[in-house]
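Each remark here refers to the structure printed beneath this line.
By letter and in written order, the chains are A, B, C, D and E; residue numbering begins at 1 in each of them.
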Amino acid sequence: MTIPGIPLLLQAIVNGILMGGVYGLIAVGLTLIFGVMNIINFAHGAFMMLGMYATYWLYVLLGIDPYLSLLLTIPLLFIVGLLIERFLIAQVLDAPGHNQLLLTLGISLFIENFAICLWSPNFRTLEIPYLQNVVNIGTVMISIPKVIAFLSAIIFTALLYYFLKKTDMGKAIRAASEEKEGALTVGINLKKIYYVAFGIGAACVGAAGTVIAPFFYVNPHVGGIFVIVAFVVVVLGGMGNFIGAFFAGLIIGLAESVGAAFVPGQVKQFIIYFIFILVLLFKPEGLFGRSNE
Amino acid sequence: MIILKVNDFNKAFGGLQAIKDFSFELEKGEILGIIGPNGAGKTTLFNLISGFYSPDTGTALFKGEDVTGLRPYQLCKRGLARTFQIPQLFTNLTVLENVRIGSYSRITSSREATQEALRILDTVGLYEKRNELASVLSIGHRKNMELAKALATGPELILLDEVVAGLNPKETDTIIEHIIRIQKQGITVLLIEHVMKAIMSLSNRIIVIHYGKNIAEGRPGKISKDPKVIEAYLGEEYVFSKSR
Amino acid sequence: MSSTTQYTRNILVIVVAGFILIILPHFIGDYYIHMATMILLYGYLGLAWNILGGYAGQFSFGHAAFFGVGAFTSTLLQLNIGVNPWIGMFLAGIAGMLLGLFIGALCFRYGLRGPYFALAMLALAEMLRLLAVQWMTVKYPLGINIPINTDSFWNFQFDKKAPYYYIMLFMTAAALYLTHIIEVKRIGSYFKAIRENEAAAESLGINLFKYKLLAMAISSFLTAMGGTFYAQYYLIVDEEAAFGVNGSIEILLGPIIGGAGTVFGPVLGAGVLECLSEVTRDVFEGYGGVHLMVYGVILVITIIFLPEGILGGLQLIFRKLKKRGRRH
Amino acid sequence: MKEKSKDSQTGKVDRRTFLKTAGMAGVAVSTMGFPAVLRGAAPKEILIGSIHPTTGWCAYDGTCAAQGVQLAIDLKNAAGGIKSMGGAKLKVLLKDSQSKPKVGEAAAQKLIRDGCVALMGCFNSPVTLVTTKVAERKGIPHLITIAVADEILQRGFKYTFRSQPDTQDMSEGTCKYVRHLSDKFKKDIKTASIMHINGFGAVIANKVEKLAPQYGLEIIGKVSYNFGAADLTTEISKLKGMNADVILDCGYLADGILKIKTYNDMKVEPKGGIIGAANGAFSNKAMVKQLGRLSEFLMDTNYFYNPKSPLAEKVIKEYNKRFTKVIFQSHVAPTFDAALVLIDALERSGTTDPKKLRDAIAKTSLKDHVMTGGPIEFDSTGQNKNAIANLLQVQKRTVKLVMPKEYAVTDPVYPIPSWSSKT
Amino acid sequence: MSFLKADEINVQYEDMHVLQEVTMEIDQQKIVTIVGANGAGKTTFLKTIAGILRPTSGEIRFLGDRIDHLYPHKIVEKGLVRIPEGRKIFPSLSVLENLELGSYLPKPKAKRPESLEKVFFLFPVLKERSKQLAGTLSGGEQQMLAIGRGIMSLPRLLMLDEPSLGLAPVLVREIFRSVREINKQGTTILLVEQNVFTALDLAHDGYVLENGRIVLKGKSKDLLHNEHIKEAFLGI
């Protein structure tokens, strides 16, 4: 363990917050799915990978600006999520939780290897000419793509908040996530709610993939890097609580980034799991509670 | 001899005082009925006595020993068994396995436990169903099995939570017979019941609970004539409709 | 059919199956012996998982933690202070069990259940993996090698494949027997009661905490011994093979596919999965990830159509047939 | 048919093949016989087993490595097969190891059972440790591809050979070249810090740390990170804060891409530059293609093909013709060479008898090969005595060999220009 | 053509018979009550009409159309609205949001403002608390909210499952008053109650369910004085 200097700490904090926003955005979709359907979705990382590839190919083949491609990746991932729920997940909604979990695992195995077949296992990166910039404030380097990703995370979380808060469909999703029988009595079609929610969850992580792509690399297995961290974030934020997930993302991002300033790289991830187990044991409802409020 | 003595139980959930200063005594060998409107706190009281909840204040003495705050399994080992209002089955196990789990609480050998379970199944009339999965039983059989599970633990005091609710008259009569036989074996019975016929004919004594409080106590005949009880339990409308 | 004839028949089946399994290595080549050993190993690990996950209903998503602790314990004891691997295997079991008791006491004390327990176990395995990576950086960056020793039972090293097969056959048979004992004794009934309904179990005198811990102790002990076998078989232990998420998944997939909470389900499931993985790899070799795609599809189909595993599904069909027979 | 069979063994799958495969998958159950047909069991074929990870995280590198083997065999077949055996054709059976020892062992057993005369593989050290043991027990020669662990050759195995430089060569090379650069360009480099990934990176880091003092280098700090790290900003800030004269960097491709981007973002520019030590990314064509401008002037100590060898030139041309999806990169050259060793031994011994083949391999003295360094000759452990590490630099989007002098195609651009000056 | 007719329906649940040959006819504009002990099958019957459970045999017709195969939301669309036992309101949504969700379907949504006014007139307390989270309401208020939410769906048949459960007598009176009021405004009511005498007193027609079968039916005033009922429910 080393004692870091102030510039390093500042850098770690800024970077941690930016990365945390990204973790938050990934987890928001996951937590929505969990809240509504009580399913731990292991295919979440695969969805993110699909989002990244969509962005990559739209840029490489059609020259569509990565951030503009959100307009396509979001609906695309929404449809992918919707279809997967409709035809696969819906079959096991009454099965025990571990069967649902293994089903999503099978799905992710399929999608990731499908990507290997289709796009080869190459590592690819997106270089956007106008985005090579970083801003330096004092000694602190701030990466513009990460800032954009962070802002997108806030915007998407806010949009989702607005959607769930203000629209009838959003209210129906919230209603279904807390009282299924009540939802049935007012004429909500639960099956529809499930695939819409799953679609939105997939769309969120697809959007995350898009905004991550400019500063990360694209590979069939890239989702795996983020998905386990996303589980930690979901539990920390309170399963089903998506605003909580966003803030929990910030906490994990900070813990990881600042932790790395003190301890070797391997141990920084150890800290995350340590926090995770402590929260599970002592505050299983998460730091921000289960409710959507 | 007093087998169970409850002193000033209090239990609140959030802001709601579910049980308030509740005290009573139970004589060994008697059948005591507890009645009260839905939501009056009957099941909460059962959960407190059987250890699923611990009281905020108050104590419970079982066979003269302070058992306040003990877990259900500890109470079970001391001879206090209970049934649940909605039968709590081991769904994917057979009827025999369900009941045998009860007899295991005092018999380690699986052969002897099986024999004991079969014996009890025979007494409650479920012997024929012993190899069926619990999940396919009818409601009547479920109630019987619930009773059998509790009996299998070899209790001195048994808490029965609405054992005849939902049963037809014939099934009700069989259960009543079982309960009388249980009492004859020297087991003390504490009973919650909605079906008045059952409780009036069975109980030696009745306690009326209303809004978590013990509002009346006495022989069945006396209780059913107590206007306070009638009003609390059956609603003013009953009084009103009778007078009309 | 009377229970005695059924009993005789069961004994007969076991004797015949046992005989076939014992003479098997004399008729097949090393490749198939290896495959059979792997089926037995994952069957064995599945049986170990099954006691906690299948019988007691505590779904662990991190059994690699015990597997890895087992592999590391015996290996490090052997390399550093020359402990014989057989003794190491026993000590590994103890180490795995201690870890199991520790994490179990924490989880069960605070009432973690369902997905929360599963994720806690996943986190435990990941924590151990990261610790292993960090610790191995200095001395064993690419994994710990067990030096090759002369072929002898005492050394737990053999030039031929068959002895490994027999060791694993013995371990699996022992685990099967143990599962059978658990199944018919009080302890198994208690585990199942906890799985089915905790409130009812507790009201019938079952100390939930004690029995969950007991299941955890047996399960982690056996799993850790499996870890030692793995280390001795390959003579290499690295953190990914020991503690990786994939390891946890491989351990639990067998019981889930074969039938959790049944005696033979885990072995059946391991057999089906190992063969499936080999066959798809063989048939679709060379097409990038096609073999894993097919594997994924078959997994998805199995989970949708056989939610209670192969044995569970068979039992269901059997029961339906029996009922129909009775009605007519 | 021929073309199909080629695809089936290289892991290269284009869209057309894929669709075909997907279609075939549907009928696979009814026509389980088809793979045998696909493999076209022609008589008198010499089978060679190739075990590489073609799925999972190592799929990219594993596929490149597998293609090196495939290419060497294909070229030999095109040139008329093994002449000493009457023009016998060679055939590669590729198996996916999924980077798992368990799968690797099954693959090795199966390949040997199916009659392979030698095994090649397996990229990952843990898998290779297992497959070499299988080969040794069976008395089948095993040529190592890429796997670096010293332990593989420290077990007294008779059938295991490695033609590429080992970690010792790489670590020594790194220190040596840093010293050279410092002396040649008068940069007075005294201190170094190391950035490394776990596993293989840690091996290199430990060795470099041990060797550095001999070359007048003081290692003032090591920063490690894990495979699959999502972000390395803090780690690199830490590294930057150490202010060493030179940063030595060791890792794989994926994390390398991430690191280079972050080095650029943070303008990490020690006076001696950032130099790769057996780095999987810094001299990787895939990285150059992906990162473009940022890749310019990156330096790395690594194995490499001999740019002055006509054979290498031909190989690259052939490679680029065949494999469009994966780029020719440093992994291909050593695996190609390993296959050449095997072909050479088959040619010389004129037999597939494993014992004789093994003896032939042990006596190898192969001058005409793709990699730099002298003739391939194995010492008693099976390590190539004459393998060397090279200093490479990306110049004008091409990885160029800049040291040692005898193989160099150009001079190093040193000191490495600043990030912002790169175009 | 009757308003709602259930014809010899059987419902099985995990191999267990819960309803057996239940036939019931409900006339428009009436209040019909089903009484019976815990577990007699009353809730199951309501759930079956609402499409949550499927009958194994028999048919249910609403204004002549068969509805027993429809999804729950389609049945709500037809105007058959159930207010479940235990209210099942959405605790972390506000009172207003709860009510709005009552008019989730297109047809009721078009009339949302009018319906809202109607609910607030019936239960002024809900208007006062419209911004509050539903979970913070008292038991009685929650029951009012559940009924209000039902009204928002523009029911033609309102099915109430144990609305008096756990409520103090004064509140029970209040709830029953509102039920009568809703009925007066033209909505048919199907009421399931354990509070036998109050329910029979309110209803026009009554059915007694025992162990999944209908054992008695008739005008509720007649049932009120039926000896069997007195015996069964009061033990006198």
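Side notes on the structure shown:
As a working rule, a contact is a pair of C-beta atoms (placed from the backbone, for glycine too) under 8 Å apart; a residue touches a chain by one contact, two chains touch by 3 or more.
Being a predicted model, the structure only gives us computed values, none of them experimental.
The minimum number of touch steps separating subunit C from subunit E is 2. Annotation of subunit A and subunit B: jointly contacted by C, E, touch as defined at the top.
Distance between Cα centroids is largest for the pairing of subunit A with B.
Put simply, the C-alpha centre of subunit B and that of subunit C have 43 angstrom between them. Mean C-alpha positions place subunit A and subunit D at a centre distance of 35 Å. Subunit A and subunit C have centres, each the mean of its CA atoms, that are 32 Å apart. Contacts with at least two other chains are made by no residue of subunit B. Multi-chain contact residues, meaning those touching two or more other chains, occur in subunit C at positions 130, 133, 137, 287-293. All chain pairs in contact, by the document's touch criterion: A-C, A-D, A-E, B-C, B-E, C-D. Against subunit B, in their complex, subunit C makes its touches with residues 184-186, 189-190, 192-193, 196-197, 199-208, 319. Looking at the complex, you find that subunit A touches subunit D at residues 2, 4-5, 7-8, 11-12, 15-16, 19, 113, 116-118, 120-125, 127, 132, 134, 141, 143, 215-217, 219-221, 224-226, 229, 256-258, 260-261, 264-266, 268-269. For subunit C in complex with subunit A, the residues that touch the partner chain are 53, 59, 61, 106-107, 110, 112, 114-116, 118-120, 122-124, 126-127, 130-131, 133-134, 137, 245, 249, 252-253, 256, 287-293, 295-297, 299-300, 303-304, 307. Touching subunit A in their complex are the following residues of subunit D: 12-13, 15, 18, 21, 54-57, 59-60, 62-63, 198, 223-226, 228-235, 237-238, 241, 253-254, 257-258, 261, 264-267, 286, 290-293, 325-327.
If you check the complex, the residues on subunit E that touch subunit B are 14-18, 37-40, 162, 164-169, 172, 194-195, 197-198, 201, 210-211, 224, 231-236.
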